[in-house]
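After this come two complexes, each holding chain A, first together with chain B and then together with chain C.
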Partner chain A sequence: MSTSHQESRTASLGRLALLVPIVILLLAPSLVILPMSFSESRVMSWPPRGFTFDWYVALFASGQWVASSRHSVEVALLSTAIALLLGVPAGLTLGLKVWRWRELTLALVVVPLVIPTVVLAIGMYKVYVWLGLHDLLGLAAAHAMIGVPLVVITTMSSARQINPVLLLAARSLGANPFKTFFFVTLPLARGGVISGAIFAFVTSWDEVVIANFLSSPTYRTIPVQMWAQITERVDPTVAAMASVLFVVSMAMMAGVTVLRWSRSR
Partner chain B sequence: MTAKAIKLDNIVKAYGTQKVLHGVGLDVAAGEFVSMLGPSGSGKTTMLKIIAGFEDPDSGSVSIGGRPMTGIVPEHRNIGVVFQNYSLFPHMDVASNIGFPLRMRGMSKAMQKDRISSVLSLVALDGLGARMPNELSGGQQQRVAIARAIVFEPDILLMDEPLGALDRRLRTDMQLEIKALHERLGITIVYVTHDQEEALSMSDRVVVFNKGRIEQVGHPREVYRHPSSLFVADFLGDSLALSAHINGTDIRLPGGLMTAGTQSELPEGAVKLLWRPDQMEVAAPIDAVTLQERRLSVPAKVLTAAYAGTVLRLRVELSTGDIGIVAASDRANIAAGESISLVLDLDEATILPLAASDDIPGARR
Partner chain C sequence: MTASAAISGGRLRLPATIGVWPLLLALAVLLFLPAAAIIANSFTEPQNAGFSNFSRILSDPTFGRFAYNTVRIAVVVSFFTGLIGYFYAYAIYRSGPAGRSFLMTCALLPLWTSLLVRSFAWTVILRDTGIVNWLLMWVGIVDEPIGMLRTSFAVTVGMIQILLPFTILPIFASMTKFDTTLLLAARSLGASPRRSFWLVFFPATQVGLVAGLMLVFVLSLGYYITPVLLGGPRDQPVAVLIDAQVTTQLDWGAAGAMSAIVTAAVLLMLAAGWRAINKIFLV
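Moving on, here comes the complex of A and B:
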């Protein structure tokens, strides 16, 4: 075996030695929830005892959980749609055009990501009550605000890879600005748009702080429902729900990764 | 294909305070191959963008086939454009790239297919329709770009340094192919380049740009042999320029020699007498400038000697202080530092007035 091969093997072993503890450290707290959701104990406890699907059965039988799942999907879909509608044109413009206030515009767009969510939530609560925005519309609007910068950033980074001459070429070949957008610009920025959409969806799906302020007892998303349940009684249905959430989120992020990987090849 | 004429009338364009075109006017005949030649920043690419409609002139107008283009967007001009670096749509295969302008024009699928396959064979890429652009070589990509720019039968074809990204051998091949394509299609072509060889070998006429103005327009031989300024002389190739002075019909040469100018319309005052490398003879060293039957012999020193295939390219300094490039036979064994003399035929010289503003880039080489 050649030395370079051995060296690279040592290097990859070293990397693995670093990676494994980091992954465990990051994921272990979340993974604890998985065994607890199968525990026979009536309260959430560690270590888990026995093995049962009871809590999953209870979860899917409960009207409250089913309703909150539906609400979560509605809010996530609607907010993602709004985020795409606003964020894609903004991201493409920021990625393709250069103007004097470009950096400032970008900074302003990103602001919702850096303001503490609680601060946002309190402000929104006041304003949205006054506007009469709550439940689905209120939540979707609020989550779209967080989603827009995510879509803008991913779309912009894709748009930056586009050779601007391609857009001139399209025009010279007979495409008006509208057709140029749909046949050239958008397909070329597709990767960024899709990952932005997934990020926006997952963010809305997981969001609890703003949702807590803007939801009502009759319109709760999953995280809000979980929060409410944990403060009332600690039964492992929450663990079951958390496990479902965890798996869905992981699956979506895996989707983004696979997408990026397949595009980069 | 129906070729159309182009008329550029007093085009002015500035970016901010930077004026890039100072009133450019040019008539291109239908079916003509015209090269716009000039250094970067001379305005040639801006001119092309204005013809294509990517930029609007601040004043002046463009007409194509007698139709004024003012206010007409690029997609309605029916102009084919070939860019440097191919600019194929990376998300479409070759056939879709070539079919793009046809699709934009609402052509039926069946007709598109016919056109695509016939244009593919025109650029010698039969059967490559299903390839993606990144699976093609640079030369193949540029052929696809050309195919895409002609498939919709444009009125004119604009090419912006289309061979700039290719290596030398391929570039020469493609030059011949583009020229053959021009002859076959009879289309009007405006070709932008900074490569004087390319411009000279391909064009019906060469337009030399300098600092936002047209310096000279003419047949390649004319601009090469009879440049109208030192800039054109220098930009189009190597030369040697000898300082002289004209007084009426008398040419005062270095070394106190005088002769009568035979050329009509001599400029007055300080001039440069210019010869191309092949118009000079290298001879044995002499002591002083001599004149014999209108042939001037000037002592010179070889600064550098570079082997360039069939010729030796000599950079020489004359006893008068003028510096220039001479071509000697590669059989002559001349090395740097050697003393020689140059025999210059006064009747072959191009006489150029030395304007105060003229910088003489040749002198720096």
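Moving on, here comes the complex of A and C:
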């Protein structure tokens, strides 16, 4: 008995020894950005030297960065709205109904997630010109298309947990299909809808490759601006911008965790 | 479905699947049409090209080299994300509540951090004046910095970190569905812990591993940002070549043919892994 106990202890110590490097690997990129953004050194060498807010001051003073932040927010909000309008009904249908082409429909919805974004980007670059979509509209449409699969998947998995008897009850009590949808189905699936919305927002907020092709020089989003800066000359304002993005996404992650935690109680 | 159709006695009768039609229409126009248009370019640029773009590309050593880079990186990254991901998911599975939520947070954190920010962060970590070289010199393993940035090593590490959540999460999902009484049964029938792990636990959780590996492989075939920022000239994937065809060579025919080949590969892989992916992510 004692040997097996010892065995399990060495096993768990061994597991710990292997886990530490993996945890470091997972967290490293998230942890270096903040210290670099406060370093006085121009070349971003380790260890950071001194402490300065200069890069943040430069960031917020730069018209380009302020404009691209506004563009990023506009595109992300509009594309999330489009993704929700299209994705929520689709997710509910896929989750609640069974029909012959259900799996094919599902496959068609998932495919956008795996087609290389470069292929989509140059295709959209070409076709969206014919459709008259560029800058805000073009970017929002494109980002909605790559964000909508996530909305469908999360809404669908919430919808599958709905007891169909509730929907039948609403109908038999006299609610029409629209009332049933807005007052029964949608509230019951709201967890999936909210997480889908967040995924769609983050997808758009982060997207570079398509945005690079569809945005004109006067309508750059943050990732496009960052990409241009990283590939031309790196200076710590990029680290400052990266830190802002990092803090925003951490706040969102914390928000979602709190939301989930408060609901599970 | 028949039940709900029977109840709906209103005048306005919408088809039961009306909810998916606006989405499919939008996808057709805004996503599938562009993808089809670029692939069609391989036959129409220049006019009446036929299969000439394909034969030109397939006999071009440059394309061969980039295709080899793409597949090589995808295989190596899939292998390590599978191995590390399974181990990490198992560690989450075996941990107590506190350990579980800590390890889960560490696995989810990368997903919440922008891909561009993470790739950029790796350039800061791996550069000559970065933290890894600083540590190596401080410990005294090396006297001068090792050039790690713009190498296969950098791309591989960066992509493993970025794609690791995509194996950890499905594998962990399949582990939580595992019926632990099966292990007790195996043990009580005389199987050693090691044997019962490999003959009972691993086969039951394999579907999560397959789903994760498929996803990582397919996603890494299309990677663009990370290889450009972290890789050297010998680590550039087809995605970079496609971009160059359009932006610098203005050779839409070649870009179309390459896009067709990569997209076909991705769709074939997705079809091959569909059962596992469907079971883990879509049910």
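Descriptive notes on the structure:
The rule is short, and it goes like this: the second predicted complex is superposed on the first by the 234 of 265 C-alpha atoms of A that agree within 3 Å, B and C clash if a C-alpha of one lies under 4 Å from a C-alpha of the other, contacts with A are read in each partner's own complex, and residues count from 1 in each chain.
Here is the rule we go by: a contact is a pair of C-beta atoms (placed from the backbone, for glycine too) under 8 Å apart; a residue touches a chain by one contact, two chains touch by 3 or more.
All figures in this text were calculated on a predicted structure; none of them were measured in a lab.
By the touch criterion defined above, A:L168 lies against chain B and chain C together after alignment on the C-alpha atoms of chain A.
In the superposition on chain A, contact of A:V127 is made with chain C only, not with chain B.
When both complexes are overlaid on chain A, the residue A:L104 reaches neither chain B nor chain C.
In the superposed three-chain model, the partner touching more residues of chain A is C, compared with the other of chain B and chain C. Shared-chain residue A:I22: touches chain C; no touch with chain B.
In the superposition on chain A, A:I33 contacts chain C only, with no contact to chain B. Once chain A of one complex is fitted onto chain A of the other, the partner contacts of A:N176 extend to both chain B and chain C. The contact surfaces that chain B and chain C form on chain A in the two complexes overlap at residues 168, 171-172, 176.
Across the interface of their complex, chain A is touched by residues 52-54, 73-75, 77-81, 83, 85, 87, 89-91, 100-101, 104-105, 148-149, 152 of chain B. Residues 163, 165-166, 168-176, 179, 183-184, 187-188 of chain A are the ones that touch chain B when the two sit in their complex. Remark: chain A residues 15, 18-19, 22-23, 25-30, 32-33, 36, 43-47, 82, 85-87, 89-90, 92-94, 97-99, 101, 103, 105-112, 114-120, 122-128, 131, 141-142, 144-146, 148, 152-153, 156-157, 160, 167-168, 171-172, 176-177, 202, 205-206, 208-209, 223, 226-227, 230-231, 234, 238-239, 242, 245-246, 249-250, 252-253 touch chain C in the complex. Every residue of chain C that touches chain A in the complex is listed here, in rising order: 1, 3-4, 7-8, 10, 14, 16-20, 22-24, 26-27, 29-31, 33-38, 41, 84, 87-88, 91, 94, 103, 106-110, 112-118, 120-125, 127, 129-131, 133-134, 157, 160-161, 164, 215, 218-219, 221-222, 224-225, 228-229, 239, 242-243, 246, 255, 259, 262-263, 266-267, 270, 274, 277-278, 281-283.
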